[in-house]
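Paired with subunit B in one complex and with subunit C in the other, subunit A is shared by the two complexes that follow.
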Partner chain A sequence: MRIATALLLLAGLLGIAMLVAAVVGPYRIPPLEVVSALFGHGPKAAETVLWRIRLPRILAALLAGAALAAAGAAYQAVFRNPLVSPDILGVSSGAGLGAVIGILFGLPVVLIQLVGFAGGLATVAAVALLARTLRGGGDVLVLVLAGIVVGALAGAAISLVKVLADPYDQLPAITFWLLGSLAGIKAADVLAVLPAVLLGLAPLVALRWRIGVLSLGEDEARALGVEARRLRAIVIAGATLATAAVVAIAGIVGWVGLMVPHMARLLVGPRFDRLLPASILLGAAFMVAVDTLARTAARIEMPLGVLTAAIGGPIFVWLLARSRRLS
Partner chain B sequence: MTVLTLSGVTIGHGVPLVGGIDAGLAPGSVTSLLGPNGVGKTTLIRTLMGLIPPLAGRVLVSGEDIVSLSRPAIARRIAYVPQGYAGDFAYTVRDLVLMGRTAHLGVFASPGPADHDRVAAALSALGIADLADRDALRLSGGQRQLALIARALAQEADLVVMDEPTASLDLANRLMVQDRIRALAATGRTVLISTHEPEQAFAFGDRAWLLGWGGFAVPASLDSATLSRLYGIALAVETTPSGRQVVGPA
Partner chain C sequence: MIRLLVALLVLVAAPSWARVVVDSAGRSVEVPERITRVLAAGPPASVLLYVLAPETMLGWSRAPRQPELTYLQPAVRGLPETGRLTGRGDTLNLERLIAEKPDIVVDFGTIADTYRSLADRVQAQSGIPYLLIDGSFAATPAALRLLGDVLGVMPRAEALARAAERIFADVDRTVAAMPAERRPRVYLARSMLGLETGSRGSINTEIIERVGAINVVEGLREKGGLVAVSPEQVLAWAPGVIITLDPAFADHARIDPVWRPVPAVAEGRIYLAPGLPFGFIDAPPSVNRLIGLTWLLHKLYPDKAAGNLRAEVRDFYRLFYQVDVTDPDLDRLLAGG
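Here is the complex of A and B:
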């Protein structure tokens, strides 16, 4: 498929997912009313629901999906491993730890986000420091292992916080947040993380050709004229920033960063300069669709992490089986 | 003026491996870097490409010290052909060769139509234009090697360095790749090829650098005595009736 056609198709998919998300819910807004409400000509109730509740949530889902998918594609390229995801550096766990500590101390939502964000960045710093101490910072595998170790430590600390938390009030909140959710998102939340997401994604988009070359490995990339170590540091920092920002508003939503780049690769091939925009669009569409499902499929709000895992697990197994056949 | 000059170079990853290397590559020459496995041929190649710094001495590329050059500046002067491509992603031959254009692009730029033209020319030059849209991981070892050489061609560097480009190939593929490398050399590019087989060195002409357990040397010719010293066993170079040189036990 031609790249322009594929991207147009994905953009259309995203548009449809957003429209459906705007229509469905306890208060149903017909498609035409959605359009008129967007331009301020709709019924008062529809306008209020759309602007106050649905649009912030749709935009949050869009940002989360785009950021996680882009980060996943970027990690896969720099680690030269199609089976890694944003969780690999322990970013999600680190940001999660920060956020549950915020919940434990009863901090307001904005501060919880900030602490979560700080936790994510602190994890990456710890991972980078650990990798540097162990092996001069050069070896990719050491970095991945350091990420697993620090991520496991953060996971253990989260369990400790859960034991300490008040079982009737805080524990359900922590548990639900850890499963990932966009319930109760406000416009202010979206605006709060937008700069971090854009700042994280900008270098990935700008350097997309070079990031693809980096996926050949450090020596080959350098021989082809890429300052590999500097580029890798920039990519990891950008992808991590975007991931941490998303965790701060959506909680830990697994699988998207792993699954979406793979589906995008089936559509546009492995070239990173094509894969990145395709992953961003597909991730956004996927997340908007999953979040719509989460709030409408059952009487209760389903956690996002449960849905993405239910969809992602089988797809991952299929991908693994497929890659085994190929090799 | 040499394309590449090594003056008093000591190679090694932190620990000195071989020292006192003095050599140069004249423009348009084809030189084999010959030596047994494990003596540091790859370390020497990585040093002269600026991938690791020399522990002593200087590597000059067109007269400039390599440690003062940026990665893109080096890549515009020296292209590298690795032993093989065992990639993690299923790039097509065209995409792989297109990556050879990176050093000519701005930091934020992607390849344009002019780059695609150069890629097409490089693929034709190696006779693999028909493989352009094939998955590079699904080609024969020889075809894949030709794709990597095409990438070096698209890189438009004066010097092409090949690290054992035929070591893992079967006979038919090896002869085919060897043939295309000779054709490439005839276009006036400077080529350095590392190999552990003397007969490969003969196939590319008898200009050679030797790297053995005794150190580095640039021999006057690859005769029986020289090769025997290099490999530490008694060897004899014989000439077949067709004029080909072969190496066997003395």
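Here is the complex of A and C:
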């Protein structure tokens, strides 16, 4: 498939997903009323639902999917490992730890999000520092192992917070947070994370050629004048920034960062300069669709973490089976 | 000589192991004649034990926090936190349980095979009698009488059980006089964002359903539980009353444009449930919910509920918690949170 066609197709998919998401929901608004509410002529309640609840949530899903998929694609490129996801350096467990501590101390929602964001960044910074101290040369394997160690520590600390939490009040809040959800999203949340996501994704887009070269191998990259260590540091910083921002408002959403880049690779091939835009579009469309399912499948909210794993898992297995047949 | 030893042994052993009681799960448990040290297996049991015989408490399953202390007897305020026995994820260590030397362990809650086997296991391992008491709301008077009998505080237990029966009778009378179309549709808003709730049949919303209100949240299962919902879904349900446990949410819902179209918010029928020293709605699901019933009756049917809420709360606290609540403390309590 030609790259332009593929990207156009994905953009169309995203458009359809957003359109469907805007029209369906537990609060019934006839499609015509959706249009009039969009232009500020609808009934008051329909306008509130559309402008203050549905649209911010759709935008948040779009941002989350785009950020997680782009971060995943970038991680897989610089680690040259298709099984790597943005969680590998502990950003999700770190953000989770920050947020559950915020819940334990009964902080306001905005502060919980902020602590979660800071926790994600701090965890990856700690991992990078640990890896540097152990091996000055910046060995990838040491970096990943440090990520696993620090991530496991953060996971253990989350469990400790759960034991300390009030079982009737805080524990359910912690559980729901860790499952991931966009149910409480407001326009202000979207505006708050937008700069971080853009700032995080900008270097990935700007450096897409070099990242592509790096994904061929460090020796090849060096031969072509790409400084592997510095580039990897920039990519990790950018991807972590975007992921931490998204996790701070959506909770832990697994699978998207791991699975969407693989689907995109099937469509446009492994070249990173093509893979990145395809991953961004596909991730956004997937997330908008999954979130629509999360809020309409039942009268209660289905947790995003459950849906992405339930849908992502089978697709991932199918991809693995397919790739074995190809090779 | 041997005869003397045997006689001594019998003398020491006999009076303390003289009774067999049958608990709510139908288990026959041997308990000492005189019980002075009791350990609660979880927060609901702590409350049950506190209202019946605070002097026998070895500690709190979860120790009371600062604002709650005013509403508890001075003698129990400083008791240590003993943790909980829940099967998996216990925070109460068995060795510590034995070191506390309780005469009995009491658990108050759902009677399911899980808890029955847990009780048997803990009892076999520790050698300490373990009583399971049915914690279903309707069985509250029976629970008070059962534990009261075991602890030998029968006159008090009978008085509390009668008071509980009176509260249930008041509710039944008021609800029976209420035509079906006047039953309010209620949403229970938990957590800061108010998007956590209990679905129909959950222990969290049991008392809302008990006062004849309709819980708007239909769950996925018959027996409900805690669930998360979206603000759009709440708008679609259009509840006429919101009960919340979180002061932050109560303030936030009144000014947030997202919640404004909800009838309960538009009509100012959003009520913050009191929670001192124990929750009025569900935390923990124990004897404390009785006063929650009275409170709900006054909030949901202001023109039908008999009596004065302040006086009833004060009487309840005097009878059950054995504390005299001053006017400022009563104001603080009823302000909620």
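FYI, the second predicted complex is superposed on the first by the 307 of 327 C-alpha atoms of A that agree within 3 Å, B and C clash if a C-alpha of one lies under 4 Å from a C-alpha of the other, contacts with A are read in each partner's own complex, and residues count from 1 in each chain.
In this text, a contact is a pair of C-beta atoms (placed from the backbone, for glycine too) under 8 Å apart; a residue touches a chain by one contact, two chains touch by 3 or more.
Just so we're clear, the structure is a prediction, and the values are computed from it rather than from any experiment.
Legend: residue contacts after superposition of the two complexes on their common chain; A:Pro108 is shown touching subunit C, with no touch to subunit B. Of the two partner chains placed around the shared chain by superposition, neither subunit B nor subunit C is touched by A:Gly254.
Of the two partner chains, subunit C is the only one that A:Pro172 touches; subunit B does not reach it.
Once the two complexes are laid over each other on the shared chain, residue contacts for A:Gly98 go to neither subunit B nor subunit C. In the superposed pair of complexes, A:Ile53 makes contact with subunit C only, with no contact to subunit B. Of the two partner chains placed by the overlay, only subunit B lies in contact with A:Leu216; subunit C stays clear of it. Once the two complexes are overlaid on the shared chain, A:Pro82 sits against subunit B while remaining clear of subunit C. Residue overlap on subunit A between its contacts with subunit B in one complex and with subunit C in the other: absent. Those residues of subunit A lying in contact with subunit B across their complex are 80-82, 206-210, 212-213, 215-216, 219-220, 222-228, 269-271, 273, 326.
Against subunit C, in their complex, subunit A makes its touches with residues 25-28, 44-45, 48-49, 52-54, 57, 108-109, 163, 166-169, 172-173, 176, 181, 183-184, 186, 295, 298-301, 303. Interface residues of subunit B, counted against subunit A in their complex, comprise 46, 49, 51, 70-72, 74-76, 78-80, 82, 87-92, 95, 99-100, 102-103, 105, 107-111, 137, 155. Remark: subunit C residues 43, 62, 84, 89, 91, 190-193, 195-196, 199, 217-220, 226-233, 235-236, 245, 248, 257-258, 260-261, 279, 282-284 touch subunit A in the complex.
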